[in-house]
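Shared between the two complexes below is chain A, which pairs with chain B and chain C, respectively.
For the complex of A and B:
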């Protein structure tokens, strides 16, 4: 069967802006979008540019927008795409500048991975580097003991070490759209991966402190896109939520995001209701409120004014019981 | 021009491991790679990395298994190093942050692998290469290493028999760059793309080996190409040996576990050369199914498959349309690994002073005529580390060399000339012809007459390559021209393989000659060394195999 590949083309040496070019090729059973692009390149047009390497969904090179969605071209079958869309539309990933055709500049993404210190900090005493022991005849090595339970969050099928840095999540991330400086899902998932590692010895919690700063974990907008579009079944947003829990448990609450969460919990504990004014004040402080004055006044003029005094809800006893249970669980 | 103490070309496991060793000591080492490091093909390794940890196992047993697996062509001094340093290297990786699955006693879990007499393959589900690659790369970031990624190295530069640097093409902007260095390490991987139906990444085009032979460094034992017994029928994508390690069966069209006929004791866990030949025999004799045979994991049960082989399950579903929990997977042998490569000693040194190689691009030789599963990842870290240490020592006394900048100009001109070519041939199509020729005629079973035809074809392709067209004339991310250059490298490698295979008139390990079906220790217990003479013709010399402990014996499983 013949089908059309419609590829986004852009060469900064000659083009002012991107355009689309169509190619017609023949498919075969099991053909992937990457196979299709390779066929176009080797038979029709050698100028079509894209990254590719392993062709088995482990290297993360060939992530691109396929019919509007960030996917690995090597893992996406042509058949179902044609059935659904009638065409294979390919374009570069979003949230990164385009270098050429389907190739984006990934430098900002990789810089953010570096920023979270993606390695073990410090060393546990029994792991201290004590030289490299080469065995003599008849000799055996003794290995440090770690139990399965210590690695339980790192050895599951969908856990963060399975991330291949393909940038599908980053391309779909709502947080990065709003704030290009935001670390993004992959970097935060990696931050979580190392903070969960039993060998990590980050005594002063610097990893969580750094991750809590502006553009960090509290800038996640919880849109769940990272989980939805991960080709490896990893859920960065789950890692981010766990990071939130950890920072608050460790009283790392200097960021507006964490203050926001703590204040909401307090307000509900007290009245069973959300005291929006207090929450806003607790989160950003007086200076934050002044900075946002035009927005606040605008909302006020449109009649959007939260109640100044909150009445206790009727079933306050239920709330108290719920909190009691949560407090126990927290301990 | 850039100037650094050490240039590491290639950022798979061997390159990264060497880099960590150097950067730990504060040495000015940089990485140059044609892809971002985490795109390297080491990441696709699935099943395991071998080291003897168990109290009932010993590194000496690992040593013997590897010698036997190599069909006695491996150098035993090097294999002794590989196996005795294995446990310490694994512990070191763990210290660096690599995660391995655990056993109930709190140690590293280990699974059986082909040709190993004890379960000694350490693993992380079925993605241990991915885990090690990212773990080591994270350490390279820790030591704030300069990484020139998407730089394609085109030449090795020497000065009076000493290395003085490399020439690299910056793919992003089309500029050539000279990089002067006191020491250069090539960890550039294999050439699996020379064959159709291979397990390799599209980037595995044997560049490092081709550049080396052009620079006068011998390539050793290149006729030994490993065919992995279990690759997906339609795509050649790897299905780990770990599947058989966990207990999978190989079945022919009659539903029979045919390995009983070929390796009655080891069965499915015989070494790869034995299993690949058994499969091909079944297929050739009409007991295959549509050119494939079946890998059956159903009896392992859903839970074990999900826990130990999740990647395999997903790859089978995505690329073969088969869910292994319910159906057997159609598989066939596919080109997988290069036992041969740039001749090095066990410290990574080559024939040129200051020039090193490690990993699949190198031939130490620890794999001899056939590599055992789980020994290649081990090879990368053991010899990557050793190269790093040796380079550290070398730098202490290395004298200054002159970097010949005309080499940069020369490569630039080669590219410019290539870019202007407007012939009728398309290199992408020539590549397919080469791959198919090599698969069909220099494959699992080999015969002189057939291979001579393949050689004629390679020479014909080389001629036709003079008449190719390059569509892409631009400087920005011009992958058209990079692929054309890679194809030139592949042609060199293919010719060395074919000539070496014709030359070696015996059957040993992965090299099986139907016209010489026996191993011939009297004439052929020796390494082949390929070099180019002045006129770009390949010539062969030989060198002795190092035998220390284990005299050659008949090899049965």
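For the complex of A and C:
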């Protein structure tokens, strides 16, 4: 069967803006989008540029937009794409500048990975073996031993180490679209992984404090795109939410994001409902509300202001008991 | 007549009352019996697991147990409530440890949950339990000639391992509904993207740029009106539209409807019944256009 590949072409040194070029090729059973692109490059147009390497969904090189969604070209078969969209549209990943055609500049992505310090900090104080030394006669090399449950902690939520840094999540992330400075899902999932690692000697909680600053974990928009479109089944958003939980439980609550979450929890404990006014006030403070005064007044004039005193839900004591059972009463 | 336990969520009972009213209006017209849940609590706004993951299980497990006690499925009108209740439902059904822990709490308040409840958003409840063909038969005022931009939002589509209503890569449910009402669905890339609501109080610039660019793209594709199935998206898209316009430095003026309001217009609901006076962006021009339709 013949099908069309419509590829985004762009050479910033020559072209004023990106344009699309169509190629018609013949498929075969099991053909992947990467197979199709290699066929285009070898038989029809050698100038088409894209990254590729392992062809086994391990290296993450061939991530690109396929019919509007960030995917690995080597893991995506042509057949189902044609069935759904009738064509193979390919473009570069989003949220990064294009170097040429389907190749993006990954520098900003990797800068953010580096920013979270993706390595173990310091050494554990209780570690018997401290630093390198010459083995004494008969001494064996000691390896740390971890129980299964502890080992799971080493890797955060089990799935984070499966990340291949392909940037699909980064390309789909709503947070990065809205704020190019945002650390993004892959870096924050790694931050969680290291913050949970018992071998990490982060004495003063710097990982959680730094991660709570502007452009960090609280800028996640919870769009779920990182989980949905990860080709390796990793869920960065779940790691980010666990980071939130860990941060709040460690009383690192200087950020508007953490204040927002704590306020919602308090509001439910008091009324069973979400108190929109109180949550807004607790999150942004009086100055934040003043900044938005025209919008607030406009909404108020139209009757959009929520009630100042909320009616408690029926059987409110059930909710109070949930907080009591979880030892969350005074939090 | 089909009966659901009705879970409107907090915003539809507070700042977004027009959504609750429109939902009750169309429920009557479509023979949907909505049983109120006065005992149900807030789902936690999609962020409560950032406070305590077990609290999310307990309070939402309680809501599911209340519906199960009444032998009913839950109908929601908010994307985030839909996802949160669905996530907890999946967790309880698939993780015996979570189910046991939650049921220990529920036993203390005289409830039990066994995993029988289905959580359905109104868009897909109408599609699956009533049918768009039957809806079409009830239309009194067609949306013919009206370009309607569907804005799905996130939590009705993603993660598709939990909310399994539509094709996450190319959803069609909303478009089919608009066609059934006689309208013309507008195709635009940001229809399935994020409105930014979850960070509106945390990072307003990020949040409003997402909403603003979605509105701008719909406008550029000749939309007369945008429609959303989520009151949180509605706050971002309508209430904050003026702020968003300033932030992205674009002229924005696109009325935004709640999904039940769109259906309500076609079933004979008037301006007051649909609560259009509560919207930030006026609906007068689009309503005038709709009134010109003979059917």
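Just so we're on the same page, the second predicted complex is superposed on the first by the 304 of 331 C-alpha atoms of A that agree within 3 Å, B and C clash if a C-alpha of one lies under 4 Å from a C-alpha of the other, contacts with A are read in each partner's own complex, and residues count from 1 in each chain.
By definition in this document, contacts are C-beta pairs under 8 Å (C-beta built on N, C-alpha and C of every residue); 3 or more make two chains touch, one makes a residue touch a chain.
Predicted model only: the values in this text are computed from it and were never measured.
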{"item": "Simultaneous placement of chain C and chain B on chain A, clash or fit", "value": "fit"}
{"item": "Which superposed partner A:118 touches (first chain B, second chain C, both, neither)", "value": "first"}
{"item": "Computed vertex angle (chain A) for partners chain B and chain C, CA, steps of 10°", "value": "140"}
{"item": "First, second, both or neither for A:295, with chain B first and chain C second", "value": "second"}
{"item": "Touched partner set for A:313, first chain B, second chain C, both or neither", "value": "second"}
{"item": "Which superposed partner A:59 touches (first chain B, second chain C, both, neither)", "value": "first"}
{"item": "Which superposed partner A:8 touches (first chain B, second chain C, both, neither)", "value": "neither"}
{"item": "First, second, both or neither for A:98, with chain B first and chain C second", "value": "neither"}
{"item": "Superposed arrangement (fit on chain A Cα atoms) - minimum chain B/chain C Cα distance in Å", "value": "17"}
{"item": "Common ground on chain A, meaning residues reached by chain C in one complex and by chain B in the other", "value": "none"}
{"item": "Residues on chain A engaged by chain C in the complex (per definition of touch)", "value": "67-69, 84-85, 174-175, 177-179, 182, 214, 218-225, 227-228, 235, 241-242, 244-245, 248, 255-257, 260-262, 264-265, 267-268, 272-274, 276, 279-280, 283-284, 288, 292, 294-295, 298-299, 302-307, 310, 313-315, 318-319, 321-323, 325-326, 328, 331"}
{"item": "Residues of chain C that touch chain A when the two form their complex", "value": "10-11, 13-16, 38-42, 44-55, 58-59, 62, 83, 105, 108-109, 154-155, 158-160, 167-170, 189, 193-194, 196-199, 201-207, 209-210, 213, 239-240, 242-243, 277-280"}
{"item": "Of all residues in chain A, those that touch chain B in their complex", "value": "11-14, 29-30, 32, 38, 41-43, 45-47, 49-61, 75, 77, 99-101, 103, 106, 110, 113-114, 117-120, 123, 127, 129, 132-138, 140-141, 143-148, 151, 154-155, 157, 161-162, 164-165, 194, 197, 199"}
{"item": "Sites on chain B touched by chain A in the complex", "value": "35-36, 38-41, 43-44, 52-53, 55, 58-60, 84-85, 87-88, 91-92, 94-97, 99, 101-102, 104-108, 124-125, 127, 130-131, 134, 138-139, 141-142, 172, 201-203, 234-235, 237-238, 306-307, 310-311, 314-315, 318-321, 426-429, 431-432, 469-472, 474-480"}
